[in-house]
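Written below as C-alpha cells is the structure these notes are about.
When the chains are written out, they are named A, B, C and D in that same order, and each has its own residue count from 1.
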C-alpha cells in the first residue's frame, strides 16, 4: 500500500505565479442543456496550470448582465502546444450567462492559474476519481495527467440523468476506465458507490481517491479512505472575491489537530486532503 | 409683415404622445471627424415627430461605457413611409460613444417624440435658419418641413472649418438657399451674420428666424428680431434626466413679464420664443 | 389572479407600487395609465414659492444619479388650486409631499393641504430644519419627534414620514416618527453625495453636493428599511434603487408594506407598471395568492439584531 | 517625470496610492511589485484570535459588493511575530490596522504593535465599541475623542484614524479624531447594507448585514472626504470606490492627500499600479510636475458649506 497523504512534488511544483491576461475566445458552445464548453487562446505561462487549479474570470458586462466579481472556473483542459485552455461550465447566474453570450473572437480577462492542484500518490498506484455535476470539469484534466504519470485511472461519474453525463468518451480516450451512475437509473446511491470503491480497492490496490462535486460522494469517499487508510483529495467550492488569498471570503472549516480551522479555498485549496474536509 | 409669435397649429399640432420602443439600427456611420449619422427603423407612431422635437435614447451599456441617463437627440430626418428616423450626433462622452459602437441590426431603446417643435409663421413668409455645430442636426428637418408648407428657406450654416459643415448639399436638395460661414475663413463673426440677416430681411421680407447651436448666434438673432419685430424661435439644450417634465433638472431661465422664470427644456421646449431666451 | 392589494399607512392600496416624490408628475399620464398605480405621490412643495438650485442639477455616477434639484415650488396656494385638481380624474389615492423650514411652518402647510382630493400627506422631514442649524429634521430622534407631533396635530389625514438616510440613527429616528404620530414611514430619501468632473475640476452639480439615488443606493436603503421594520409597528414603505420587480420583492421580504419607485422612471417611463406586472408574475409563479403574504417573510438564521457593526469587516 | 510623492500623516510617501485594509495581503506580492506602492496596509487585527463571520461573507450588488468578513484575526502576538516580518523586504512603509472592543483594549493593542517595521498605525475606529452598546467608536464625536486620546497616549507612531461612513456627523467626528491626536484620517470604511436572494428568501450574507464597497459608494464617500477636508487640518486619505486613476483624481481635487484602493484590487490585481500610472499620466498630460499641486484644487462657485441639506431634492 501507498504511503498515504504524501503529495509528490510532481503534481504541485513551485506555484506558477498567476498573471492577469486577456484571452481570446476560440469557441463557446453548449454540450448539453446545462453546460457549455469554452476554449480560449492564452499566453504561454497560463498553460502552466495543473489539474485542480482554477482561473478567475472577469465575465463581460452586457446590458442586462452586470456580474461584479470574477468567477472561479477549474481548468478543464490544458493544451500547452496550442496555447489553449478549456472551461466546462454550467450556465447558472449572471456571470456564466454573460460568459455564455460570448462569441469566438471576443476577448475576456482572466487571472490565473490560481490555487493548489491535485497531488498524485508517490508511486504509480491506480487511482479512482469520483465526480458529479460541476465536479466533472475539475476532475477531467486529472485523468490524462495521472495517466501520463503511469497511474491507472478509474472514473466514477455521477449525474441526475444519463443525458447529463459528460466527457465519458473523452475520458475513455484519455485511458480511464469509466463507470457511470445516475439517479434516473437508481445507480447513484452513495451505498452503491461506496461498494464500488471497496471493490475497486480490492481489485486494484488503489493508491488514491479523488472527489469533487457532491457532499454525499465526499462523505462516502471519506468513509472508505478512513477505513482503508487511503490517500485522498477533495476539490471544494466556495464563493470568491479576490481569488488570491486576500479577502478571506472563501474560507471553509477543516479538521486540524482535533480542532476546527478555517482555510481559504482559493489559496490553501481548492484541492484539500480528503479527510480534513468537513461536510457542507 | 407677419404677425409675430403666433405659432400656427400646423407646426405644433396636438402633442403626439411619446412612446417607449426598441428601434433597430439600420446604419450608423461617421460623416466627419466628429459626427455620426444613425438611421433607425421605428414604429409608425414615432414618425409623427415634428422638426425640433427630440427622442430620449437609452444608449447601450458596454463593458467600459456605462451611461446611466438617457441622451436627448433631435430628430434629424423623418421618413414616415420608410418608418425611419435619423439622428446626426456628435461623439462626445459616454453615451454617444456607446451609441457610436452600435452596429446595424442591434436594437436600442428610445422614448419619444418629446418636446415642442418649431412653429412656422402664419402665412408662407420666407424664413431664415441659423445653425452651428450640433444645432445643425436640430435645424435640418425644419427645411423640408417649411418648404413643404410653402416657405422660402435660407439657411446660414456656421462651423469652425469648412470640413465640419454638414448637410449643405442635402439642404440645397431640400430647397434651401444655403450660405456657409466658418471661423477658418473669418466669415462667421456675429457682426457678419447680423449683417446677413438684415440684408436677407430687406431682400426677402423674412417672416421668421430660427436659431440653434450657438449662444452668440442666438444673441445676434435676438438683436435683429427685436429691432425688426421679427418672429423667431430658438432651440436650446440642457442636460436631461427624465425628458418628460417630471424632474426639473433641465430648467433654463427665461424673461417673462419683466421677471425671470424657469422653464423645462424637455417640456416647454426645446424650442422657445427667441426673445424670451436668456444667454448662457 | 394575484391579489396585489395592501394596507399601507391608513390606506388600502390596489397594489404596493407608487412613485417616489420628485420623480413623478401629472405629465407622465401622457404615457402610462395612472389608474394602474397603487398611489400617486407629488413632488414636495414648500409654503413659499421657490426657484430651486442652480444647474447642473443632475449628474450621472456609476449605478445611479445625483440630484440637487432643490424644491422649486409654486407655493401652497397655487398647488392646492391648480395641481391637486389635475389628479381628480384618477382612481389611485393622491399623496401630497410637503416640507418647510421650521416645525411651525411645516404644520401650517400640513393644514393647508388637508383638502378634499388628498388621501394622505407625506412629510418630507429629510429637509433642513432652520431651527436645528439646517440639519434635516429626521437626522435626530428628538427633532423628528418634535416636528411629527406638530404635524400630527395639524391634520387628520394619514401622515407618512419620509426619513433621511443621512443619519447614523435610523432605527431611533423611525421610532421617534412613530411616537410622534406617523402612520407610515417612507425609507428613504436620497443619500448626500458628490462627484467631480475632472476635466473642468468642478463639482458636477451646481450646488456641489446632492442626493444619490438609483441602483447604487439599494443595498444601503434596503438595510435601513429592514432596520426600521424591526423598530416600529407602523408600515414601512421602501424607497431606494428599485428598478425591477425583483428589487421590490427584496423590500417586501424584509418587511416593507409597499414601495416607491423613483429614478427607474427616468430610465423607463413604464418602470412602475413593469414592477407591478413583475410582482404579479413573481407571486403567480410561486403559487402565492396575495402579495401581502410575502411581506416580511425573509428567512434568516442570523436574526440577532445587536452588534450589527461586527458585520463590517 | 512627474513627482508623485506626498506628505501624509507623518510619513512621506513615494506616491499617494495604497491598499485599503482587508483587501490586501502579502500574497499579492506574487503578482504585483509592492515597491511601487505608496504604502502597505494590513488587514485589521484584534487583540484576541477570532474566526470571523459565517459564510457567505460576500455578495455582489449593482456596482459593488457587500462583505461581512468580520475580522478573522491571528491575535496580536502571532501578528507581530509572523506577519510584520513578511513585509520587511519591501521599501514602502508598513501601516498596521488594528481594532478592539473597548478603548483600553484598543490602546493596549496599539502599544503591542508599536514595534520596528511599523511606520504608522491605522486605527479602525469603525468597529463596535462594547462600552457604547456596540456602536462604532467613530459614530459619535465623544466616543471618537475618548478612544483617540487613549490611543494617542499608547504610541509615538503616526496614528491614522479610519472613520465610519455610518454616521450623520462625519465632520464632527473628523474634528474629534483630530482633537484626540490623529495624524491623518482615512475616510471611510464600508457602508452598512444588505441584499436578499429572492430565490431563497435569505439574506445574501450569512451575517445578514455587511459593508458596501466599490463604485456604488464613491459619490457618498467622496462627499464625506470633502466634508472632512473642510473640517480638519490633518491630511485626509480618501477610500471608497476608487477603481481608476480618474476616481483618485476626484479625491485629490476635493483635498485628499492620498487614497486607498480596496475592492478594485479584487477585480484587477494590478488596480493600484494602474491608478499610479494613470495619476502620473494625468499630471503629465496636464503639464503638472508634482501631484501634490492638484490636491484640493476643486474650483467651485458654490463654496458655501452651510445648509447642505438644501442640496437634496
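Just so it is clear, a contact is a pair of C-beta atoms (placed from the backbone, for glycine too) under 8 Å apart; a residue touches a chain by one contact, two chains touch by 3 or more.
Predicted, not measured: the structure shown is a model, and the values here were computed from it.
Any chain that touches chain A and also touches chain C is listed here: B, D.
With centres defined by CA atoms alone, the chain at the far end from chain C is A.
Between chain B and chain C, the centres computed from C-alpha atoms are 37 Å apart.
Note on chain placement: the centre of chain C and the centre of chain D lie 32 Å apart, centres being C-alpha means.
One simple way to say how far apart two chains are is to compare their mean CA positions; for chain B and chain D this gives 49 Å.
In this assembly, the C-alpha centroid of chain A lies 60 Å from the C-alpha centroid of chain B. Across the assembly, chain D contributes 22, 61-64, 67, 69 as residues in contact with two or more other chains. Looking at chain B, residues 66 sit in touch with two or more other chains.
If you draw each protein chain as a dot and join the dots that touch, you get one closed loop, with every dot joined to exactly two others. Contact between chains, per the stated criterion, is found for A-B, A-D, B-C, C-D. Looking at the complex, you find that chain D touches chain A at residues 22-25, 27-28, 30-31, 43, 51-52, 55-58, 60-65, 67, 69, 72, 214, 265-270. Residues 15, 17-20, 58, 66-70, 109, 111, 238-239, 241-249, 251-252, 262, 267 of chain A are the ones touching chain D in the complex. Chain B contributes residues 60-63, 66 to its touches with chain A in the complex. Residue ranges on chain D touching chain C, taken from their complex, read 22, 44, 53-54, 61-64, 66-71, 126-128, 134-136, 139-140, 164, 166-169, 189-196, 198, 200-203, 205-212, 215-220, 222-223, 226, 241, 246, 249-250, 253-254, 282, 297-303, 306-313.
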